[in-house]
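Have a look at this one before I ask anything.
Letters A, B and C mark the chains in the order given here, with residues in each chain numbered from 1 onward.
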Amino acid sequence: MNRLKLSLSQKIGFSLLLVLVLYSAGATFLQAGDSASQNLSHILSAPDGQFWLGTDHYGRNMWLRLAEALQLSLMMAVLCVLTASITGVTLGVLAATRGHTLDRLLDFVVTLILALPGLVLVLIFAAIAPGSFLVLYIAIALIQWIEYFRVTRAIVQRLAVSPAVQSSKLMGFDNWYLFKRHYWPVIAPQLFPLAAFGAANAVLMMASLGFVSVGIQPPTAELGQMIVELFPYYSEAPWLLAQPLIVLAMFVLACHLCGKGAEQ
Amino acid sequence: MNLITTHELAVYAGETQLLQPMSLTLSAGERLTILGQTGSGKSLLAQAIMGNLPSSLRCTGQVELFGETVEERFRPALWGNKLSLLPQEPWNALSPLMKVGNQLVETYRWVAGQKKAQAQANAEQVLTDYGLASSDHKRVDELSGGMAQRVAIACAMAGGAPVLLADEPTKGLDVSRRDQVVQLLLKQSDQGALVTITHDVAVARQIGGRVMVMKQGVLVEDGQAEEVLNTPQHPYTQSLIEADPVRWPKGSETHFAEQGDALIQVNQLAIGRGNTILVSDLNFTVHTGEVIGVVGDSGCGKSTLGDTLLNLTPAMAGRVERFSSADQYRWQKLYQDPTAAVSHAVSLRTLLMDMVSLHKVDTDRIEPLMARLGLDDDLLNRTASQISGGELQRFCMLRVLLLDPVFLFADEPTSRLDPITTREVSQLLVDAAKEQGCAVMLVSHDPALIEKRCDRVIQLTT
Amino acid sequence: MRALLLKRGLQLIAVAWGVGTLTFLLMRALPGDMAYRIAAGRYGMDATDTTSADIVRAELGLDQSAIAAYGQWFIDLLSLNLGRSLVSGSLVIDELWHMLGHSVSLAIAGSILSLFIAVPIGLASAWKGGWLDRLVLSVSTAMRALPVFVIGLLMIILFALEWQLLPVAGYDTAFHLILPALTLGLSMAAVSARVVHVEAKRVFGSTFYEFARTKGLTHVQAFRRHGVRNIAVPVVAFFGIQLITMIEGVVMIESLFSWPGIGHGLVHAIFSRDIPVIQGAALMMGILFVVMNTLVDIACYYLDPRGGQLQ
């Protein structure tokens, strides 16, 4: 297992990710201030020594607002990936090994959730509790666990009837051993690309909702919502619109590069 | 006129020479067999002559076809009507979504240039001749390996090419089907020239003509079939021929050890998968220390018999009685494909130690048994992916034998191994099991192997 | 095949139940006196009094117990009585019909465009390899990193604002369809071009394709007779997977371009908390999704009668 051997695209992906994480975590140490205070005498300014990324239409500090929005996105990504992967893998192994009833039940639940495109489901959840980070997180995780579940279940189902597992059973090994030596080593490398694409999707989903103004509500900074807010000022201050666009695209690209490198 | 002449034809991957420069000639009506183990570069030779090497490889030297030098890029124009290739694994060679009848018709129509009605009539005729009349409307996934190979032969010949290159035409076929395919090829070679590439000495013997023996891209021996196969000069050729089970000496003395007590008794047993009964009315007794061969056509339930005896699959009817109270883990199985039978995630040592600590196996027994099986201690530091199939199968035997099995079902344990390794591994298996007084059921599709290794045989027929 | 259709039928029921339940919860969870808000929406702030609120309350069953109301909600749903919009007061079903046409034309135009982009590019890059392959891979990786609304924004900025070639928003002429459809087509093609590429490479490198050539068929014959269908099977199956991307894209694109389809309607309804329209639009999206999935299943079945080979 050459886990630490990274492909070129993974190296680029991880570097981009590292830059984004460092920026979101360290922005306030580099430039003091707060992201919410308005300064109407200093709106739509270009980047300068005082405001490194300029100010928006309320005169708010873009360097800090962008960092805050990115923090929110990263948090959403991490939470969704963790919840969805743990749930999905656990249920996937159980469905494939614990008999027909549980498998059928979970299959029914999956069919139910997959009957609606993910974004539509998230939109309805967003309508129930407008602007709630928690509800958004629940909705996205609810959709994303399925991918991990299906991959895990397919792998374990295939392996459970393989000669290797049959042989281990014949030798008297228990279920935990089967998981440790047979299932997990095959599942684990598949999880990484799923997690990378899942993180990108979670962030995109939140930004999409922000973009159509039904996601996280102002004044909290959120990437999609910033894009739609700054679009009207596109001709006066194109650099402002570019900032959330670039951060969003950078994050998604970084995830895709990490994930795709691992797939090959 | 020579149909094929090669001058110093060699194949390279980058700077590595995969096939040593080869010069050969083939004239009309001649049969040439290229014999060698898997990985000996013999398929590359066929591809280099055809001009369809993978783009990552390059070849040097010259190929003359029908008396003139033809460069690689012009050779596709000869495909089908001058020169044809029968690829390995007919199952993958036929188009998966098109009915096989149409695949033959299209060859007559577009390659031989016949009118639609005539092409159809010809295809129908040939399929009938080949005993495939009812398979016309089937797809390849609905055919057996032997049937698919016959369709592929028909397709390869339909364009009217006088020269046929057959790459491992009998790989994966049972003996009876193998002979059918060889007969078809021989019939074909009456009208032109035939180049056969095979690892199977028996096939080379049946085809006759000239034989070239290759080892790792190097030609080691060349001559008429009877000569080369009966009085081989090169050690490699000798070992290849000796490895053919027909030539094995009848096993060692331990073979006929005293038969022990009854271990398993089977009464009116019917076995099957799901709801399908494969074989019924089985009655036999297995005694300790006995080696029983199990033979039968593929898909007849040989593996299912093992799973039923080991309580992995329920019996459809009848009874399996065990006269030993040995723990469940002492009823063991060896698998056809050793690489699929162990975890690849950790080193072999870890796998071995997992088992040793689970069943408190005496660690002093490991070293002598490893020596007996010809396994280096060093090998245990690698994972299953890093060693050869023969080594891995011997590792599997090591694990199984350490458990002191009372019964061992060996399901084609040598079918993925080359002939020389097959000979060793099957001998070791039988000897080691005998020494421990373990009953063995050995499955093989090769009747000669069963005859040489087993005390008696159970034939499964549906 | 029957099992598949059964599963799709089950999904249709699941859509109705899921959407119905979620919107029911949504209605119950709304703060304030629901009836007042609805009456205000329908008759205007000034005309709202207790009487009109009571009428609304009775109409929506807000005076019933939760379980009775839930039952009533489903009886209405199953009899396709989707109610009236809280904002415009018109029948939801009429509004939906109107939106449906717009959404379907956008979806179809986008899918066709994506095919016209993805198939030639995917085949060419598989055939040629080398620099073309690397170029296509880079462009497609970059495009995939852009969310569909960002692609749309860039299209607006380039074609409408900078070059002033095409109209931004609205739906009066066929020109209005160009930018939304192109946005959808590009975002779908970014992925499907790679799928075509990978599948074409698999087929071109397969033993059966090689055999079709060595038995004497020309490149063109081999491609037509053994290439097209074998490539089409996984590509069509992938289209089924892409339906999610497509519907999500339609929602975002309609909102961005003010294209009056169901996605636009859904987002607007969520914004103004117009529950009957939310329910209707979500239901319609779900039905569309299941129906299109079924069509893809059927297409796959006819292209590849072996069945069960695809995941």
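One rule holds for everything that comes next: a residue touches a chain if its C-beta (ideal position, glycine included) is under 8 Å from a C-beta of that chain, and two chains touch if they have at least 3 such contacts.
Predicted model only: the values in this text are computed from it and were never measured.
Asker: So how do the chains connect up here, line, ring, star, complete, or something else (other)?
Answerer: complete
Asker: Is the C-beta contact count larger for A-B or for A-C?
Answerer: A-C
Asker: Return the distance between the CA-based centres of chain B and chain C, expressed in whole Å.
Answerer: 51
Asker: How many angstrom between the C-alpha centroids of chain B and chain A?
Answerer: 49
Asker: Measuring from the mean C-alpha position of chain A to the mean C-alpha position of chain C, what distance in angstrom results?
Answerer: Whole-Å distance between the two chain centres: 22.
Asker: Residues of chain A that contact two or more other chains, please.
Answerer: Within chain A, no residue touches at least two other chains.
Asker: Spell out the residues on chain A that touch chain C in their complex, using ranges where they run on.
Answerer: Touch residues, chain A against chain C: 108, 111-120, 123-129, 154, 204, 207-208, 211-214, 224, 227, 231, 234-235, 245, 248-250, 252-253, 256-257, 260.
Asker: Over in the complex, which chain B residues touch chain A? Could you list them?
Answerer: The contact residues of chain B facing chain A are 310, 312, 327-329, 331-333, 335-337, 340-346, 351, 354-355, 358-359, 396, 399, 403.
Asker: Please output the residues of chain C touching chain B within their complex, sorted ascending.
Answerer: 206-208, 210-218, 221, 225-226, 229-230, 233, 303-306
Asker: Would you mind writing out the residues of chain B in touch with chain C in their complex?
Answerer: Checking each residue of chain B against chain C gives 50, 52, 76, 79-81, 84-85, 87-89, 92-98, 106-107, 110-111, 139, 141, 152, 155-156, 158-159, 161.
Asker: Which positions of chain C touch chain A when the two form their complex?
Answerer: That would be residues 7, 10-12, 14-15, 17-19, 22-23, 25-26, 29, 141-142, 144-147, 149-150, 153, 157, 161, 243-244, 247-248, 251-252, 255-256, 266-267, 270-271, 273, 278, 282, 285-286, 289-290, 311 of chain C.
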